[in-house]
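Labels run A, B, C and D following the written order; every chain starts at residue 1.
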Amino acid sequence: MAVELPPHHYLNDGFGIKSWLLTRDHKRIALLYLAAITVFFFIGGAFAVLIRLELATPAGDFVSDDTYNELFTMHGIVMVFFFLIPAIPAVLGNFLVPLQIGAKDLAFPKLNLLSWYIYIVGGLFTFYALITGGVDTGWTMYAPLSTKFSTTRIIPAALGIFITGFSSILTGLNFIVTIHRMRAPGMTWFKMPLFLWAIYATSLINILGTPVIAITVLLVAAERLLHFGFFDPSVGGDPVLFQHLFWFYSHPAVYIMVLPAMGVISELVAAFCRKPVFGYRFVAFSSLGIAVLGFLVWGHHIFVAGQSIYASLVFSLLSFLVAIPSAIKVFNWTATMYRGSVSWQTPMLYAIGFIGLFTIGGLTGLFLAAIGMDVHLTDTYFIIAHFHYIMVGGTIMGYLGGLHYWWPKISGRMYPEGLSKLSAGIIFIGFNLTFFPQFVLGYLGMPRRYHAYPPDFQVLNVLSSAGASILGVGYLLPMFYLAWSLRYGPAAGANPWGASGLEWETTSPPPTENFATTPIVTESPYNYPSPVVKHVA
Amino acid sequence: MRSCTEMAERTEHHVVSTTIYYAIFAALLALTGVTVAVAYVDLGPLNVAVAIAIACFKALIVVLYFMHVKYGTRLVKLTVIAGIYWIGILLALTLSDYLTRGWGTYGAQLQ
Amino acid sequence: MFGIPLFPDSASTVAADVDALYFFLVGVSGFFSILIASLIVAFAIKYRRRHVNEVGAQVQGGLLLEIAWTVIPFLITLVIFFWGAKVYFVMASPPAETLNIYVVGKQWMWKVQHIAGQREINQLHVPVGRPVKLIMTSEDVIHNFSIPAFRVKADVIPGRFVQIWFEPTKPGTYQIFCAEYCGTKHSGMTGEVVVMEPVEYQTWLSGGAPEGSLASTGERLFADLACNTCHRPDSRGRGPMLNNVFGKPVQLHDGSVVTADESYIRESILTPAAKVTAGYQPVMPAFQGLVSEEQLLALIEYIKSLSPPSEKAGQP
Amino acid sequence: MWVFLLTEILFFGGLFLVYTIYRTWYPLAFAAASHHLDIPLGSINTAVLIGSSLTMALAVRAAQLNSRKGIIVFLVFTMILGGVFLGIKGIEYSHKFSEHLVPGPNFQFAGAFVRPAQIFFSLYFVMTGLHALHMIIGIGLMIWMLLWAYDGTLGNGYYSPVEVVGLYWHFVDIVWIFLFPLLYLIGRHAVVH
């Protein structure tokens, strides 16, 4: 007998635009974020497409140099601040935190909605900056280029970042309070799914790091607008101080971007091996470890920027330390697969992709943390490859894996399995073709943010551009088939994967209040065989 | 926005007596006087240290009494400590750069 | 391979050190990437789900394994750390005797000033087999002087001097890039290093410096800017004598002592009040905005030339 | 709320970092520039703000004890004191304007430290300006609390909103406790030109 959608769920609990825009239901807010973030991803992606088109030939002939500079700046800003940082926490986190702890909603539902609006306002500022001329400072906005020399729309863009920062802070605050106070009876800290540990660690970084970037961009704005001098060498200021402040936030921010994905991967590996995560406590604590140690390494971005040698040594050593918790995670995921019941469904394919690509991205981070090596590699395409491996190959894989895994819960319906496997494959191939050649380019010395380059580098760049077009197709496909499945996909049932976890014990899609009765937790999160193991293979 | 205000971690309903409040107030005023006075005395490098020590002490009693942390839960205390700790990280590691630049900076000569 | 360049020229002494570290790192990364990848694929195949209701073995974890994969990577990273630091120290400590060349970055070109007086734009001629030290600053934003074939680069920061050094090992022409994003024509801020045999280099040097050596330009400036009204060759001026200042410790009026290196001289000229020499009034006018970076270099070179020859090892 | 204050701590922390760095770089310039700030006004303001913290604490206490009148009276006192603080700050700012001590093209500073003094005053304005902004927000929140006290939303054991505003206000007070010695009281003992 075919499964059917439950008669009442959060999606049919009120229709019309108001029921969405004024909702306080964390699940609907998650979908609001999903919509906004997808838009930003495609904007950022469109910039990437233009970048790669320009770089297909060595001469700077496709767009002008100023346009190119605006392209990569806006690509970086949009992708980092408006897509990747909010992606997993605000979409999957919002949807899942209450479900996974057995609560009705977040601690502050109205604040949650407010965060979305703040995010949108920040986005509008950035959008305004974009259509009135763009910004050309690079996403790092180094002074004094940003404070004195550039003539572009830096203030609106800075305000955009400032404002979205508050959205991240409030979301983080909401999650922290929720996780502390609203866990269902019996849900002790060590019975929490690992995704929540990751979200919790991420929220901590948000709360502690984001205010510093907020004040930093504010100082830049004050310096531009009011001619105050903070980083201006002509009044005796130190431009390198800006870099300290910027990276104090932005290095931890890279962990904001990867930790949630690591959380997702822990869930995926457990669910598709039907097995508890190997070394649960190690994986849980390594999230906190990354969050804390992540604050101690920012100086590795400024090894050649006139930092003291001794500070560089300290930062280098600490950077190696922060790699250890990541290593622990990778090994534990691998060990989880040992003697599992490994299913090859789409989310698991993404999880496997994540582990492999994150490993490469992370290990190349070690090249950069070794100071003598970084001198040659810094500001080359090696850096570009390093972080795209982690952020695109890692986090986006995690995000898509998570989206597919929880899609039946979110929408109540299944997506087409064949097509989704196909696009996972396309993404994997396209990704490697795009970014692997960039490692080679980097060691050859090709600097980043170059609009034109010596002809020697062309072949590798063409490979990269070709890969990007394959990757683009790979990203477009899920958008279409997921949208399609919203209407035509077969109903999924409460627990299509036979996975354990509270979110699978309620209907798909869940009712507005999530659970008919407050669940009581007695078991560890990955206790197999789970109560319902019967649906799809 | 009512829910928003639940943000205060639930402190026990500890009502502090007015005497304590007035005492703290008096102490704060006195300490302000002391810092101003001390600023005019030349203590060499100690001037900064004293000024900051007094400010820290003032902040401490505000936090403990006016802000009720003394009567708060462990979590509240932990949060306060975390704040101080993180500011410490920010200052300490950045200073680790600035204060050692004189010994050798990448791009400047090692002695 | 297939006409695709895979590896850059290595044309300086330090390049070999960097490359060795690089290969080690590629080895470590390759090992772990392949290890992880093959384990995942092997497990995915060996333990693939065979029927619908199958569940995995309920293994919880193993302390020994956890310790092993914490400690082993930690030890490996320590090796990388020390190795990286070692290479870095080589890069950061120039030998005592170097050929000094000044570089000024500005949006969007590199101006090179040789001590003998030659100037170049976006080109740098150096002899092979001799350590070269570049003393660099920027007129506007942060740039980065990068020579991939030598494996060295450094941010060129306005308001201070930055130095890198290298010893070319192979004659030839190599790319210079600006590697710190600096605005519109960042990607056009490139140039080349021409490494020549010492003899050729000598010929090139003598090939003509219309204005005479850098120090002599400085001497002229010193008079034009009326520095010599206060800084006179005897001790009767209002300012200190500048003979024998460079490279020596200077006592400041707040009691501290600094070494009179390029940065100090530079600061003394631009913002004299920041560090006032003991025994003098802070009457020297600030020349910030009045002298260009290039004039500054000439002045500095002149003041250097007033000190004994051992300080002038850089003179060709 | 405490978690929110954590954020605030780091927000100001960034500023204190900038301050610390430049103070260690330019100790003399900072001392000289600091001499242009008005100690009597600064001290009065410190006392005023401490007083407002006291009344705020008393307002919270009144709320705990369900005394509606107490809440209202003490909140009003706090707001008045806050207003006085901002007023005095305004006077100080206008002095700085007329003395051309606002960084930018019109900046004028007698003595040797024109440039670093500009950094000092940049910091002065941003730090005290953001502090004042926080106070304005705090006063806004108090107006809200007053309304709730009038319509009886507060009381009957429901007082956490006042408590939250109180925490916020004390935090703002603490920031000032640091700003005052760091900005006003540098190097008063030595005569620097």
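Some observations on this one:
Note that a residue touches a chain if its C-beta (ideal position, glycine included) is under 8 Å from a C-beta of that chain, and two chains touch if they have at least 3 such contacts.
Quick caveat: nothing in here was measured; it's all calculated off a predicted structure.
Nearest to the overall CA centre, using the mean of each chain's CA atoms, is chain A. Distances between chain centres, each the mean of the C-alpha atoms, put D farthest from chain C. Computed centre separation for the pair chain B/chain C is 40 angstrom, with centres defined by C-alpha atoms. Per-chain CA centroids place chain B at a distance of 15 Å from chain D. Put simply, the C-alpha centre of chain A and that of chain C have 35 angstrom between them. Those residues of chain B in touch with two or more other chains are numbered 6-7, 82, 86, 90, 94, 98-99, 104, 106-108, 110. Shown for chain C are the residues that touch two or more other chains, namely 88-89, 91-92, 154-155, 157, 162, 271, 274, 288. For chain A, residues touching at least two other chains, in rising order: 173, 177, 208, 212, 234, 236, 238, 240-241, 244, 248, 304, 306, 309, 312, 375. Interface of chain B with chain A (complex): residues 1, 3-4, 6-7, 75, 82, 86, 89-90, 93-94, 96-101, 103-108, 110. Interface of chain D with chain B (complex): residues 1-6, 9-10, 13-14, 16-17, 20-21, 24-25, 39, 43, 46-47, 50-51, 53-54, 56-58, 61, 64-65, 160-161, 163-164, 166-167, 170-171, 173-174, 177-178, 180-182, 185-190.
Contact residues on chain B toward chain D in their complex (touch as defined above): 2, 5-11, 13, 15-16, 18, 21-22, 24-25, 28-29, 32, 35-36, 39-43, 47, 51-52, 54-55, 58-59, 62-63, 65-67, 76, 79-80, 82-84, 86-87, 90-91, 94-95, 98-99.
Put simply, chain A touches chain D in their complex at residues 169, 173, 176-177, 207-212, 214-216, 218-219, 222-223, 226-230, 234-238, 241, 244-245, 248. Per the touch definition, chain A reaches chain C in the complex via residues 60, 65-66, 69, 136-138, 140, 142, 144-145, 148-150, 233-234, 236, 238-240, 273-276, 278-282, 304-306, 309, 312-313, 316-317, 320-321, 323-324, 327-328, 330-332, 334-335, 337-344, 348, 352, 355-356, 359-360, 363-364, 366-367, 369-376, 378-380, 440, 443-445, 447-454, 456-457, 459-460, 498, 528-529, 533-534, 536-537.
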